[in-house]
Amino acid sequence: MIKKVRSHPTQNELLLFELSSPGKKAYQLPPLDVPAVDPAEALGEGNVRAEIEGFPEVSEVEAIRHFTRLSTWNYAIDLGLYPLGSCTMKYNPRVNEVAARTEGLEWIHPYQPDSLSQGAMEIMAALERALAEITGMDAVTLQPAAGAHGELTGIFLVRALLESRGNPRRRVLVPDSAHGTNPATVRMAGYEVEHVASNDRGMVDMAALERMVDDDVAAMMVTNPNTLGIFEDEIAGIARILHAKGALLYMDGANMNALAGIARPGDAGADAMHLNLHKTFSTPHGGGGPGAGPVAVKAFLEPFLPLPRLLRVDEGWRWDYDRLKSIGRVRAFHGNFGVLVRALAYILAHGGEGLKRATLDALLNACYLRKLLEPYYEIAYSSPSMHECVFSDRRQAALGVPTGAIAKRLIDYGFHPYTVSFPLIVHGALMIEPTETESKRELDLFADAMISIAREAEENPELVTSAPHSTRTSRVDEVAAARKPVLKWSPRG
Amino acid sequence: MLETLGLARMEDLYGHLPPDVLLNRALDLPAGKSEYEILDYFRARGRENAVGFASFLGAGVYCHYRPVLVDAVVSRGEFLTSYTPYQAEISQGTLTAIFEFQTMMCQLTGMDVANASMYDGSSALAEAALMAMRITGRNRVVAARTVHPEYRETLRTYGRFSGMEIEEAGYDSESGQADLTDLERRLSGDTAAVILQSPNFFGIVESVKPAAELAHRAGALLVVAFTEAVSLGLLAPPREADIVAGELQSFAIAPSYGGPFAGILACREKFLRQIPGRLAGETRDSNGNRAFCLTLATREQHIRRERATSNICTNQELIALMATVFMTVYGKRGLRELAEQNLAKAHYLGTKLKRRFTGPYFNEFVAVSSDPEGVNRSLKGRRIIGGLPLRRHYPEVEGALLVCCTETAKRADMDAVAAEMNSR
Amino acid sequence: MIKKVRSHPTQNELLLFELSSPGKKAYQLPPLDVPAVDPAEALGEGNVRAEIEGFPEVSEVEAIRHFTRLSTWNYAIDLGLYPLGSCTMKYNPRVNEVAARTEGLEWIHPYQPDSLSQGAMEIMAALERALAEITGMDAVTLQPAAGAHGELTGIFLVRALLESRGNPRRRVLVPDSAHGTNPATVRMAGYEVEHVASNDRGMVDMAALERMVDDDVAAMMVTNPNTLGIFEDEIAGIARILHAKGALLYMDGANMNALAGIARPGDAGADAMHLNLHKTFSTPHGGGGPGAGPVAVKAFLEPFLPLPRLLRVDEGWRWDYDRLKSIGRVRAFHGNFGVLVRALAYILAHGGEGLKRATLDALLNACYLRKLLEPYYEIAYSSPSMHECVFSDRRQAALGVPTGAIAKRLIDYGFHPYTVSFPLIVHGALMIEPTETESKRELDLFADAMISIAREAEENPELVTSAPHSTRTSRVDEVAAARKPVLKWSPRG
Amino acid sequence: MLETLGLARMEDLYGHLPPDVLLNRALDLPAGKSEYEILDYFRARGRENAVGFASFLGAGVYCHYRPVLVDAVVSRGEFLTSYTPYQAEISQGTLTAIFEFQTMMCQLTGMDVANASMYDGSSALAEAALMAMRITGRNRVVAARTVHPEYRETLRTYGRFSGMEIEEAGYDSESGQADLTDLERRLSGDTAAVILQSPNFFGIVESVKPAAELAHRAGALLVVAFTEAVSLGLLAPPREADIVAGELQSFAIAPSYGGPFAGILACREKFLRQIPGRLAGETRDSNGNRAFCLTLATREQHIRRERATSNICTNQELIALMATVFMTVYGKRGLRELAEQNLAKAHYLGTKLKRRFTGPYFNEFVAVSSDPEGVNRSLKGRRIIGGLPLRRHYPEVEGALLVCCTETAKRADMDAVAAEMNSR
C-alpha cells in the first residue's frame, strides 16, 4: 500500500521556442548613457550577425511560469529521501546558500588586486586548513571543479612526481569495483588501466595485489569505503605494498562522508586524494553540479600542485605563481569559489564534533536500512556496511524483476530510486545511501516500500516491470532516444 | 535504531575498523557555530574584499546585470536539490531545461550539437583539443597567443600527459588579431586542431573564416573559443568552426572570485559521438507523450569507463540553468540590445583612450599607458578598479591595460578613467 | 479534453505535531555572551511557564520538507491563470520582492530618529504623490493595512468631517452589488446601511438614488467599475446628487486596475477612496495578505487624516503629530511599509505610459474572454465589461449544474476557479477577472475549458457536480467543518 | 484579440465611458524604469536610513534573528502568489499551515481558539474590545495606561464611532505595573472589558490573575495584549484572560519601518462565534482523507455583510506563515532558550543602569537618565541607536529611556550604552 504520495494535477508546458511569439519581452535595460554605436561600422559588416534564428521571445510571467512548471516535474531532496548510492544526497543547510550570496563574496572579480581580495583568500586558506586536518594530509589545492577533475589533478601530480624521479611508469591499478571516473581518469593522464579483482569479502584481493605491483606501476586508486560501502581494512597494507615498489596510493575520497571525524586517509597511508565538496561538504547538487573536487596531498607532492598557491606574507595573503615544479593550472581562475564558501560554512556549522556526529548518523542510517531489507533482498557481501549498503537483485531477477524495474516502481511509492546496476561486480546492484540527514520515519517508509515491492515481485511482477504508473511521464524510451538522437528543438518538430 | 542493530554505542558502528587507522582524538576544528555567527563571519570576510567599487576588469570574467528571475528560479528546491537526471520519469524539469539550453547554445554558436555543460571555458577548450585529437588521429595543436592565457595554461596541463604537442602562433602587433601567416606556417600533416578565441583576449574580433580555410586545408579542425558570451548577441556565429568551446559566465553568473561558472562544448553533427559530457535527447514515454532523457551515455565514463570520451561526471548544471533563464529573460531582441549597449560603452571609453591595437573590438580593449600601475593606484583611491595590467601575460606589450566596459559601466566612471589615463 | 495538466505524485505530509519527536531541533543560537539569568529569580516563580505543551520539535530538513511538501498542494499565479473576479490576481514582478528586502529598508525600526529614516520617509512621500496623481485626489494616507481597513478609515473621515460640521448624520448608501466589506465597514463606523438597487444595466438606479438621498445621508460607497465589471457612467451625476445634499461620495477603489491612466475618480467627483495596493499595485497575495489600503482624499478631508503625517521641513522629512482634527491612528506605526515599497517599485517600473498600457491590456483580456464565453454562458448584464466580466449560471443551473460545480470542475482542467456566487444580485454568478498579465494562450486554454464544461453540463452533469476528480484532496466537506468546528490539533486526534 | 472584439484601437475598449470622466492627458509620472534602476533607487534610499547600527529600540517592534528557512519557505511561489484559500481542494498547503498556526497560537497563549491573523497587534486589540462589547452587551472599556500608547490610540479611533467609552487606569509608579486598585475603582456594571498588556509597554510583567478576578467579578471580560511574542516562550500564558490580542512581529518578521506585521486574536471556546477573521478547520474530503477548509464564514463580511463580526477581509497570511516557520525552526526548546537569552541580555544591561521601575521585566526596561536626548546623540556617533525617550507618551516619567535588549544585543554595545548613561 502506497502511503507516501497521492496524485495531483501538475501543469503541462510547451518548450520556450513553442511559447515564443514575436515582440514579447521579459527584459528592460536602463537607457544608454553614452552615444549608440553602429555595429556594422564598429565591427565591420561581416562580423555582425543576423537575428538569432529561433531564439525565444516570452514575457516575464511566461518565463517564471515556464520554469516553475518545469520544476514541479522534478523530484528533489527538499521533497524526500534520495538514496542514490555513492552520491551522498544529503540535505544541505540553506544558510550555505545565503553565505555564498554575500555581496562581498559573490561580486568580486578573480583579477582584482590581492589587496582587495583578502577576505576571499582567507576563506580559501581556512578551508585548506580544515580539509588538511580532516583528511590527515599536508597540503590542499582547491582548484579542481569536481571529483573527476580532482582525480585527474591527482593522477597528474603522481605522474609529474614520477617523471621528476626519471620514470613516469606505465600502469595504474584500479579495483574492479571502482567508479567509472577512475579508469577514465587514468587514461586521460596517459596511463594504462589495470583492474584489481575484489575478494569474496568485497575488498581488494591482497594476494593478487602483491603479484601485480611492480616498478612499472605508478599508483593505485582506491575508494575507501569502497563502492560496496565496505571499508578496505587492509588499506594500510595496500599502502605498504605500493610504497615498497615506489608506487603511490591515490584515494578517491568521494565516500569521505563515512570517515570524517573517525578516520583520516592520510594516517592510513594515502599519498593523494580528492574530496567531493558537493557530497560530503554540502553543496546542493543542482541537477548535476556545480561541485568542487579539492585534492589533498602529502608534503612531497606539494611542490607539484596547480598554481597559483596561497602564500602568507606580512601584508596578508598573496597569490604565488612562482612554482617551478607545478603541473600548472587545471582550469582558469581560482576554482569554484562559491562552492568553497558553502563547504566552509558547513564545516563551521558542524565543527569537529558535529562532523563526527554526522558520520555516525550516516553509518547508523545505512546499517539500519540494511538490517530492515536483508530479509527481502540479497546483500551483495556479508562484510559490514559503512555509509551505504549494496544489495543484488538475484532473488527478484529470478522472478523477472531486475533492479532497474524495482527502481522504477519505487517512484510510484514516492521515492527517488537508489543507484542502479553499480558497482558492476554485483549482479544487478541496488546501491543505497540514505545519508545522515534522513529521519527514522523516512527510512521506515522507504523500507516499507522496498519490502512491499519485493512482495509485488512475487505476486505481480508485471506491475513492477511496467512501472512507474503514477508519474506525469510514464516509462521513458531511452533506447529510441539513443537510436536517432534529437538533441535540440527545431521548427519542423 | 541502535537496538535494532543490536548495538550499545554509536561508536560500535565502526568497531570493525582496524584500530591503527582510527583517529584517536577529536578533530582540531572550532566548535560548531550558529547560522547567525556563520553569516557574520562571511559578511566580515566580504568586507575585506572590494565592495561597491566600479570595475573595468574583464579578461574572461564579466560583470553584467543579473535579472532577478534567475535567482527566483534556481532557488526552487526542485532544481537546487535534485541530482543528475538519471531517472527521467521524475526529472523531466531538469531534462527539459537542458534540452532548451542545448538548443539555445546551437542557435547562438551556429553549431549542430551542444552538450549540457563543462566545468568552465578553459577545461572545455582542453576537452575540445583532446576531442580533435581523437577525431583526426593527430597529436599537434596550434593555438593563437590571443587565446586567454589561463585557457592556454589549462590546455598545456591537459596536453602534457596525453601526448599533445602544443604550438603557439603569434599575433599581428598592429591589429591585435592572430597572425594567420605565422599560424599557417605551423600547420603540418599531424595538426589536429587550430585554436582561436573570438573576441580574443585583447577584446578583438578574430577572422574565423580564413582561419577555418587554413585549418581545413591542412586536414585539421578549427576550434573556436569564447569567453564573453554576450558578444554572441551581436557577432556572427563561428559557423565555420568544427568545435566551439566557451564560457557562459556572462549569462547571469556572478564573478564569484572565479567560479562556479559553466563551460560549453558545441560541434558539428558528424562529431557527435566524440563530444564529452551530458546530452539530453528527445524521445517518447510509453503513453506516447514527448519526454526527454540523458542519451548517448556510451560516450561517458559510467558506461565506457577507460574508453570514455572524458572522465567528466558532475558538471555545472545549475549554472547552465541560470544561463538558460538569463537567455529566456533577454530573448532574441534583448540579447542583441544588451550586446549593443556593451559595444557602445566600450567604444565610448575606447575612443577617449590610446588603444594599442587597431582591430575591431567588442566590449574590451588594450589601452596604452606610461604607468598602468600608477593609474590603477590612483583610481583605487576613487573606488574604481582599473583595467588588467598585461605585463605578466604579455611582457612584450609594455605599458598596457586590458579595459572592459559592460552595460553596467557608468559614464561618469568612464570619464574618470579617461581623465586619469590621459593625465599622464 | 484536458490539455493543461497531467497527474503526478505529490508527497503526503503529517502535521508538525505528528512529525515532532522529543530532542529534535532545527535551531542553534550563538553562545550567550553575558551571564545566564535564572528565570524564576528574575521573574518570580509564578510568572514562568512550564514547557509549551504540544509545541513541535523537528529537524531542519524535516522543517523545510514539511513546508515544501505543503506548498505543492497549492495552486498559484506562478503556476497559471487565477481569474478570481474582484481580486486582481495579476503577476507581480519579482523585482518588487528584492526591493522590499533591501537591507536599509527591511531592517529599520519605526522609532529610529527621523534623521536616520529619511530614505524610508522619501519612499512614502513619493508613493503618496504618485497615488494622488493616479487617483486625481489631493492627499493620501498610507496607514491602512488593507482595502477594508482603508474603507473603515475613509468612513471614519466622512464621519469626523460631518461631526465637525455639527451633524454626523445616520445613513450610508451602499449599492446592492457592493462587496461585503462595504456594509460591514459602514456598521463599524456607527452608521446604518441602506441598500441602493441596481437598474437593468447593472448600474446605480439614479431615480431611486434621487429619492433616497436626503440630509440624513452621510455618504454613498460606490465601487467603480462596480463588482459587475461595469463602469458607472452616471458617476458624476451620483456625485452631484450627493453633494447637493451635503453627503459625500466614497469610492471603493479595489477595481482601480480598470482605470489607472485612463480616468481618475477625483475628476469624477469622488471625495475619498481607498486603493488595494496588493491588487492594482502588485503585492503577491501570499495566501491572504499582507496588503495595504491607502486612502486618498480631497483637500477638505486632509485635516482629518490619521496621524502622523509626513511634513517637509528644511532638514528633510519629519513626522508631524500635531494635528488637532485628525481621527487619530487606525493602527500602530507607519503602515505596511514593505507593501508600500512594492507598490512604488511597480509604479516606477511602469511609469505613466506603462500603467495605462496595463489597464488597456486588463480590459482587452476581460472583453476577449467575455466574447469567447458569451455563446455558452449567460452574461449577467449586457452593458460593456471593463476589467472583469460576470456571467450567470442560469443556463447550467437549469441542468443541475450550479456555478459552484462549474468552479470545481475547472480545477480538473488545471485552472483556479473564478469568483463564485458574487455579486449577490446575479443568479449564480461566475465572476471572471483575467488581469493584464495573462497571455492569449492561457486565456484560450481557459475558454476551451469553460466551453468544454458547458458541454459536460449538458451531456454528463454528474461528472461536473462531483468534481474535482484529479486533486490529491477530493471535494472537501465544508458543512461538516462548520457543524462541529475543529480549529486546532489535539493529541487525541 | 482586438479583431475578435471587432475593435480597431485599444482606446476603443473604453469608448463607452463618458468623456467628462476621462483623463485627457498622460499621467504625470516618470517613464518606466528597468529593474536595475529600480533596485539602485531603493538601495540609495536604504543608505539614507540607519544601516548597520546597533539598536536598543523595542517598544512594540523587536529585532530578532531570522532563521534563513523563513525566507526559503515564503519565497516559494506556491505560498507567495496564491490567494486566500477559498478553494480548499487546491489550497491545502496554505490551509494546513494556517491550522498549524492556529494550534501553535493556542499552545502559546493558553486559549482555546485562535484566528488566522489580523492586520497587526493594535487593530487586533481594538477588535478584541469590540468583540467584548458584542459579547457582554456593554459599552465601557478600561485600559491600563501601561498598554502600548499607539495601541491605545488605535483603540480610541475604533471606539470613537462605535459608542465605546474608554477609560484609562493608571500604574504603580513604584513597580511600573497597572494599578489594580485604580483599575477596580473604574469598573462598573457596563464595563465590557479590562485591557492589560504583558509584558507591558515598560517591559514589565503584569499580574494577569488578579486583574482577571477583578474583571470577572464585575462581569467584564479580561483582554490581554502582547507585543513581544518571544516572551511567550518563557512567561506563563495568560490563561485567565478571555481574549488575547497580540503582535507576532518578533517571530522572524523584519522591523520594516513598522510593517507588514501580523496580529493575532485568540479566545475561549465559548466566544468562538464572536471572533473576527479567518478560521481554518479540520474536516474530510469525499474520499475520507483529512482535509482543511476555511470555516464559520457566517461570522464574516462576505456572507454576513453588515452583521459580520468585522469588515476584515485580506489579513496577513504570508506573515503568519513566516511566524509559523519561525516557531517550527525554534520549536519547544528553542523558543525557551531564545526567551532566556533575551532575559539574560536585558538583565545584563538592566543591572548596570538605574531603572525607573521595580517590577519584573523581560527584555526591555525603563532606564533613568538626566539627559536622554544627549545620551542618544552621542551613542548615535558610535553607530548605536539608544533607547526610546518616553517624554512624548509619558510626560510624567521625566528623564527616561525605554531600552530593549534582544538576543542580538552584543555585550560590547551594551557596555557602551552603560558607560554613556552612567557618565552623566
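Labels A, B, C and D are assigned to the chains in the order they are written; within every chain, residues are numbered from 1.
The working rule: a contact is a pair of C-beta atoms (placed from the backbone, for glycine too) under 8 Å apart; a residue touches a chain by one contact, two chains touch by 3 or more.
Being a predicted model, the structure only gives us computed values, none of them experimental.
Colleague: Please state whether A-D or A-B has more C-beta contact pairs across its interface.
Modeller: Result: the pair with more contacts is A-B.
Colleague: Could you grab the centroid distance between chain B and chain C? Build each centroid from C-alpha atoms only and quote it in angstrom.
Modeller: 47
Colleague: Taking each chain's centre as the mean position of its Cα atoms, how many Å separate chain C from chain D?
Modeller: Using C-alpha averages as centres, the distance is 20 Å.
Colleague: Which chain D residues touch at least two other chains?
Modeller: 32-33, 35-37, 65, 67-69, 72, 75-77, 289
Colleague: What residues in chain A touch two or more of the other chains?
Modeller: As it turns out, chain A has residues touching two or more other chains at 6, 28-30, 60, 64, 68, 72-73, 77-79, 91, 93-95, 97-98, 349, 411, 471-472.
Colleague: Classify the inter-chain contact topology: is it line, ring, star, complete, or other?
Modeller: Complete.
Colleague: Considering the complex alone, what residue numbers of chain C touch chain B?
Modeller: Touch list, chain C to chain B: 6, 28-30, 64, 68, 94-95, 97-98.
Colleague: Write out the stretch or stretches of chain A touching chain C in their complex.
Modeller: 3-12, 19, 28, 59-62, 64-65, 68-69, 72-73, 77-80, 91, 93-94, 349, 411-412, 414, 437-439, 441, 470-472
Colleague: In their complex, what parts of chain D are in touch with chain B?
Modeller: 35-36, 65, 67-68, 72, 75-77
Colleague: Which stretch or stretches of chain B touch chain C in the complex?
Modeller: 32-37, 68-69, 72, 77, 289
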